[in-house]
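These are the structures, in structure tokens.
Below are two complexes that have chain A in common, paired first with chain B and then with chain C.
Let's look at the complex of A and B:
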């Protein structure tokens, strides 16, 4: 897995180099925390119910990870570049999903459907970016507004949508590769690819620089507008990719279904140690973060706990993660 | 001063205004739905019926409003429609609007029944009679399905399949719940379990398990996946639930875990049993023809209220309902012959006054 170590001190847009002395890589503490929590959860559940370690559990967790993972990656891009949060993720997921199933029902080729779905997501991101950049408005307020507007428009257009049972999307969503769901692999691939691009390309490093300190980035000749456009457009395209995975694995959905993902996506990003104030974070950390969050509900069932505990746990994890992020910010400020 | 600043500022102001406008528009659309009125200059003399639909996301919720609007128009009544948006606070706000709007009668479909006692108090103080669909409330005309009977009919049908296929040797009876629906959930899913038991009485109580699916496929699917993963030894599984979406979510979860051949489901509400996209493991469902409820509301209650002789309030969902509708359990094969909802609405509205969907489309009454 490619890990993108991203932090604002590298404003020279060059990859970070060794400083000649042995030190823990940045974010190692957070990685140990998340992996530790995940391992502890798996161990505790296995001790209680040895049948927890099974292919069924693996399938259950990986199915849940797939869509959430790609959406968390989109959210992480926005956060790392200083966009704080994209609250229009629900619409960014459902709007392309609706288009995808509509085109699939009309018999369009699956590849074309995928292309249009991803492009629609990118267009949605570009719409957000244009309002934020040209209006110089707070991204949270803008994306909250566009999410409301998008949801309302979708409700005018459709009440519920169905993925055609015999479409390529549906076949892909129900298939397996190397014993894991088909939809899990694009998530892994995108995580590796985006992580690599963020670290190895000029655009990626610029995005991190803009997130860390827009003023410093601007003084070094980085265009804030272009960077924001690129980031929101890419995040939208990723949401479009998540829509492909979502429609493949959900035969029926409503305009409101995207909201189910928002809390877990934000929790995953914060838990991954990606700073909401921008400029810091490791994209690869999304994998254990989403993995941990996707394992929690399965573990709760094995523990025999009520479903409502899932929401309680998710909320608690979010609060703890935000608190840790706050502590981290304070430590950095010193 | 740079001359380029002004257009930029204008652009910014315009964008801000556009966003604010869009947000307000969207918030209005999302929170209260559309308001439709056939009022003209003489609106004070007209009978005004106000309807709070359940919300967005399910076709039949919109269908209930569409049918009511046409029936009100045919009678020359004013018609106001708001959406409860599946939200208790919105339902409460809508009640205030109806009272201020001087509605003569209100139809409520409120899927968040916890707030109904509050609404009932307000409407009672304003002396506005209320018809409630499917969810009973003291002092309101109950019009709806006998949820328990609907559950039992579906459960018994699924039990018969289990008996025929597995001789009732069932490893697991999974129930897809929606706790927020309150008593409707208890009656419907409880009725389904009861129905299964009536045919297969020897299934041990420990084999009955449930999960929270919120009545939505997207919520039911991951929850059911987790539940099925925790029961790997179960090879013969029956799935019941509050509605088709919740049941199909569990069936899809089984497919995703490579256990599709181990499950058979029977749904409720008929929303996913017809059309070309029916899940192959959904054996049947129970139709209520929800979109046709306004036919009963108008002919059996509202016409009488408008004429000045309101019927006695029957508010007990089981023992004393005002109008109790017959559930219509159908197998997958039978459902294929029932038209899709838009066609059903068209045929219903074209039929003579008072004709019900049950009489038009149900192949076998329970």
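Let's look at the complex of A and C:
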């Protein structure tokens, strides 16, 4: 959408018909698709199982949305600014999580734990950024490699970790506010805030410009290096924030638990209309897309299918989402 | 094959230092050096037993299936598409084969069914990537998840299926000199693939499709058909790999094939392929890369060091390999 404001002068010279055609599918078509799919899923499940509509369902959907939403926001920042994908999201979640529960077990104050957790996430992002920037390497490969090594190191460090029961983390993570899980609200807040900053501040618009066309952004005097560091650092910090919600709401976890999020996070970003080729999309669209993806597992339970089918569905949704994204690219390129 | 590779590198300068530099940067030299380093470290660390007949036979049977799978997906890389789903396709095919044979199905018919299933998965990958224009990494990551989920469903509560097909194990356990028969067969496959890739018109077309898609299209090469072919070949190789694993191991488990794709691609990249651009590398180089990873894994195994260290090393090697690829003329990312 920021892309649309950049190209306004060109639009005036075009015939009005093509202008309408181009603007509509960009945001509106995708939003309609996501909301439509979500509504269809809810309707289909409710018709089969009327007891689907309940507070319990709402709780489990919002619960799933929380961690996924924050991680999707991190992934979206990377995608929109031309960093393609951060495949190291699992390590970016597990490393701070492990640190958080370790420090909480030592009795550190909760605020300090949160601060350190978020900083650790940012440091992980900065590590990725430094390899990407200094080596001039593609982020997908770099994060593939760092995730592979990072998770292996985490597996060497611990097999299973527990969140201390009487820590602030776990009190917060298991609480409720306004009828919804506590952990849902920070997600909503971060999404609103980062979405706003991305559109309304110079820095946000620069990042989107870098994603749209790095060469054009560079010629306008935007530092690509600084942008990469800022984006991967913020994405890491967001993953650190997700780690706070994750450890608070999970009594125990293993290093492999982070991997389960990667797929739904990528699918959420693509479904939200944030193209992997950068420069297009609106961060707020993550909310309905994560909402839809988080409803899928709950629906599957109501249809009587177990967790493993959830994995199958997630993969299938990802394939369909990237195929739609590909078609959209082709149409734009024409 | 080195002749083909050097013609790709633009060193028209025939001075001696330029030639030496060109040789050091050429893929064949870097793999040969890597392999030599691994053997030297092995001999220094483990003594002469590292190259003993029994250890070579262990490395050979460990590397045989990855060589078959990697040679097939290497041709997909050469045509410009990466297939990340190979690891879980190995797992899925193995699980399906174990499930059906343990139910008393005929082994040959079951093998045919498993290969057919793999081809269908390859067809779906190709449809999403080639026809719809989906990002190959994201689309095949989706397929990876779908197949991982299906394997877990099939493996059931125990997470493993035992299957002993009479004659199959005995056949694969034969040796020719110090080499397991499967390793010899795999190397014959590599030989055929190398000849096809470097000496035939089909090979040149695959290379052209991966190197410069538009130029290849203009030259009348059907890039679509080639990529459909290589993606299905990659799936077929993974399907065959899964079946062969059952012959080697006597059963499937949820863990079979997890992370195999990363190990294989890291190895192929060390061997001169690139997962970011097609048209480079060749099967002979790829197999040396796979032997490097197998050799490192074997060393840690003999010293009974935690296998997670292999992943740390592979992660670092992956980043090193992509850096090397960029120095060889791969695109710089900014």
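Some notes on this structure:
Criterion: the second predicted complex is superposed on the first by the 304 of 334 C-alpha atoms of A that agree within 3 Å, B and C clash if a C-alpha of one lies under 4 Å from a C-alpha of the other, contacts with A are read in each partner's own complex, and residues count from 1 in each chain.
Here is the rule we use: contacts are C-beta pairs under 8 Å (C-beta built on N, C-alpha and C of every residue); 3 or more make two chains touch, one makes a residue touch a chain.
None of these values were measured; they are calculated from a predicted model.
Once the two complexes are overlaid through chain A, chain B and chain C clash, as defined at the top of the document. Of the two partner chains placed by superposition, only chain C is touched by A:323; chain B is not.
Look at A:252: by the touch rule set out above, it reaches chain B but stays clear of chain C.
Looking at the shared chain after the overlay, A:214 reaches chain C, while chain B stays out of its contact range.
Once the two complexes are overlaid on the shared chain, A:315 sits against chain C while remaining clear of chain B.
In the superposed model, A:149 makes contact with both chain B and chain C.
By the touch criterion defined above, A:135 lies against chain B and chain C together after alignment on the C-alpha atoms of chain A. Judged by the touch definition given at the top, the superposed model places A:164 against chain B, while chain C stays out of reach. In the superposition on chain A, A:302 contacts chain B only, with no contact to chain C. Contacts of A:266 after superposition on the shared chain: chain C is touched, whereas chain B is not. Among the listed stretches 5-13, 23-31 or 257-265 of chain B, only 23-31 clashes with chain C once the two complexes are superposed.
Residues 131, 135-137, 141-142, 144-146, 148-153, 155-156, 308 of chain A lie in contact with chain B in one complex and with chain C in the other. By the touch criterion given at the top, residues 124, 127-129, 132-135, 137-139, 141-150, 152-153, 259, 262, 266, 275-276, 306, 308-312, 314-316, 318-319, 322-323, 326, 331-334 of chain C touch chain A in their complex.
Of all the residues in chain B, the ones that touch chain A in their complex are 11-12, 15-16, 19-20, 22-23, 25-27, 29-30, 56-59, 61-62, 86, 211-212, 216-219, 221-223, 225-230, 232, 245, 248, 252, 255-258, 272, 275-277, 279. For chain A in complex with chain C, the touching residues are 85, 131-132, 135-142, 144-153, 155-156, 214, 218, 224, 263, 266-267, 270, 276, 306, 308-319, 321-327, 329-330. Chain contact summary for the complex, chain A toward chain B: residues 49, 51-52, 54, 56-57, 59-60, 63-64, 131, 134-137, 141-142, 144-146, 148-153, 155-156, 159-160, 162-165, 174, 176, 181, 249-257, 260, 297-298, 300-302, 307-308.
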